[in-house]
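Have a look at this one.
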């Protein structure tokens, strides 16, 4: 592999206040990790709320979870994991200065991300039709016709619809925040694709690709936690 | 002297009156902390002034510095001394706090509802009052509190007690007044526009004057109100004495452990009764169906208090049959006697039945 | 008086165009932008304080009605906490000095630094917009369910303003952490760093790890209030105590965001004006980290009477007691630094010594609040108000003003008038104590906070407090006047007017755009003041 022979650092991109490209790269990488630590705490707030309410209102959360489409959730998980793979391939392509592979993989990542959002949008729409969006029009009916008989738990009539609404509040807050991060990521990818097409990156300078990769993987990992917590509880 | 005739002294004070059994203890602890704080503040102040003047730049002094061997000794001292002092504060403060938080068994129980922007207080014998609280001197008083809207905080500085009053959840505090007189009652948690006006008076009276004051009211005791409400809401359609396998008997239920459908055992207390009235499905006793309708939104917090007092009054049978058995099934949910307990309404007696076991 | 110009080309006269300030990525210019912004916010928040201190002269609400009063103290709290205190020392002095102190040409991410100022201003405009549109009346604590359901004031805009400003804080912290890790000059090991840098490192950790939690919490309040999505609503089974836990998880450490940088400033000033190495350097450095770490584990002491369990109360009381230890370490070490020093009492030193005294009292009264049984009585009374003003005003603001005077020659190239400086430091110290000491007494007497009317026996102490506030107000206006005056008429400052050590004094006053012509190499520990009698700086720059 040609990666073993480290390409010469591309000094054109070294900002005036850094001594060399290595210092600049280390700074960018540390900055990204610190930013991700911030993000962990940001999501941590909602996860903490989720944990407390889930413990308090277990039956309601399970009933709410049954209204989510596990299949769409699974498909979306697969889509997102695949996009992480293409993102990793993009970083590798950048390191090895293969411009075509870089653009192709970034584009694939972007499309997979968009597909994820499309599925998510469909799910939101569906919840809207089922009146499961919290607020004045929220209505939770036990044994909804939308859910197949086999999936309907026997005890559902006992649950308090108000706490099912709490579940959906958290569902929309958590997946909404996640989707917002996806949208930002897709925006950054679009910029990178244009820059990569112009040949801005090479094995000597690929910091933005690598940092976006870290971000993308983080957003992916958040989903890996969200999916079982929201879709798979029993 | 009856308390209600006392007037609050509007003079200048530096220290609040001590009017409860907690006050001397809290003040002693406060005195200890004042001593520590005063000592260190003066120590640091004097040290700074002395060192700054003695080692002023124009003065000729020996400024040869030591080897630094003393550093560790000094640092160790000023780590260990503050640590030891704070641990004394922690232990002392915690002991005094636990005393405040463990409710006495033989207390007068009053209910308090906080709402924007008033305090509503209900005595078990029937009198209710707004922004005033009459209590007898020398007897422990427990307040069971809830808010109709936002968070409030019940605060009587002369008693050194304070507790937040939350919506949808009971909190409680207790005190034993030691000095007849009139004291301030404040809301300490900011609760909206008229927060400053959500205050009133606590009137501590001699027991005889208190009894006289209690008799002066013409309201019905909450147990009676609760009993009427119980009938009015048709609770007695199912929860009547004698039979009905559809629902658990309420006789002798209060204070007892019950087993729920999922196997957990909970004690029937105010919080459980309140939840079961508002959200009957939440914790159903094993062996029963959820057929009771919810009363969410139909009852004020005061009415819920009345219902609970009524249900509490149904537990007059001494539970002297050894360990209370968890209520498990309709068959075992009833008292052994064929004629079920007649709820003893406290009409006329002015006495609320006390629970006998806890 | 003739007005002299600077002989050399520096960051101030490099470019005079307005655009060159708005698009600058120079950390020093961004610091100046922050300084102007937070000074404006300080006087907005201060004006509100003047109004409600006037109202509190009498027991009845005769100057303002309750609605106005509640908006005033909310405005004061939100503006002072989020738009003055939190950015004060880090965003002004930290931004200006941190790169210079470690021998760097700028922060690691200069454009991010500028972006965080714009984000801060956007948040500020939103908060001020909320005030102009009628204000919010929740207090700066935004407690639910009052904020989410009951009040009909501009909570959404106000909370979003704070939310947005939070990101500015996060980005500043991130920038500092990366800069300190990656951009230190050759030879500048961790234990050669000035304590100012250590303090900012600890502060940045809190900014980065704490701020996102309040951001998400306020966002949830906004969602609940704006879109009707229940999260904390008790009627829906939501838990208002969850809000308090999440809020204080940030907002207690936020107190350390305010005080830690100030402690860093004090370490620099005390060492310089005592001509002595800081006593127990490593203890002070690690105590900053200890405060940052333990600070994340004490938030529940705001909730001793909230209905949280007795056990939780005990744990939080215990942890809060532990914070006293690193705080005590600092106070004792600063005092010991005077020993065998050569002390001179210029304005910055007066502020620093004032800080030590006021912080001692503020910290010790914190122990009253950490002690469970006493907190039950004084929680949500003026005792708490007095305590946190001793920390935030007596501590953080004194440190900020001391730092501004200390580094004013470096930042502007001009000296401030020393006599006026000492006078205003004295006035502020006296005014501050007269304002806030009576409030301890009021609190123990039982006067609740956030009330516009009170019972008559509290009046004497309230009048004392208001009188002190007017003295304090004058004390703050004097430096505003003479510092602005000095920008044009102050004598030109030398590179190192105080004879201080530290790399920032090795550059010219004001510094050039890239701080150092050549990257400095550090060969000595910080604060290598020798006999304490030499005025000359020690060149350790090769």
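Annotations
For reference, chains read A, B and C in written order, and residue numbers begin at 1 within each chain.
The rule is short, and it goes like this: a contact is a pair of C-beta atoms (placed from the backbone, for glycine too) under 8 Å apart; a residue touches a chain by one contact, two chains touch by 3 or more.
Remember, it's a predicted structure, so these values are computed and weren't measured experimentally.
If touching chains are joined by edges, the resulting network of the protein chains shown connects every chain directly with every other.
Distances from each chain's CA mean to the overall CA mean are smallest for chain C.
The geometric centre of subunit A is 46 Å away from that of subunit B, both derived from CA atoms. In whole angstrom, the spacing between the mean C-alpha positions of subunit B and subunit C is 38.
One finds 36 Å separating the Cα centroids of subunit A and subunit C. For subunit C, the set of residues touching two or more other chains reads 235.
Counting only residues that touch two or more partner chains, subunit B has none. The set of subunit A residues touching two or more other chains comprises 160.
For subunit B in complex with subunit A, the touching residues are 279, 281-282, 284, 290. Residues 157-160 of subunit A touch subunit B in their complex. Those residues of subunit B that touch subunit C in the complex are listed here as 8-16, 22, 25-26, 29-30, 33, 36-37, 40-41, 44-45, 47-48, 51-53, 55-57, 61-65, 71, 74-75, 78-79, 82-83, 86-87, 89-90, 92-98, 100-101, 116, 149-151, 153, 155, 157-158, 160-164, 166-169, 171, 184, 186-197, 199. Chain contact summary for the complex, subunit C toward subunit A: residues 99, 104-110, 170, 173-175, 177-179, 181-183, 208-213, 215-217, 220, 223-224, 227-231, 235-239, 242, 245-246, 514, 519. Note for the complex: subunit C touches subunit B at residues 61, 66-67, 70, 137-139, 143, 145-146, 149-151, 234-235, 240-241, 274-275, 279-280, 283, 304-307, 310, 313-314, 317-318, 321-322, 324-325, 328-329, 331-333, 335-336, 338-345, 353, 356-357, 360-361, 364-365, 367-368, 370-377, 379-381, 441, 444-446, 448-457, 460, 531-533.
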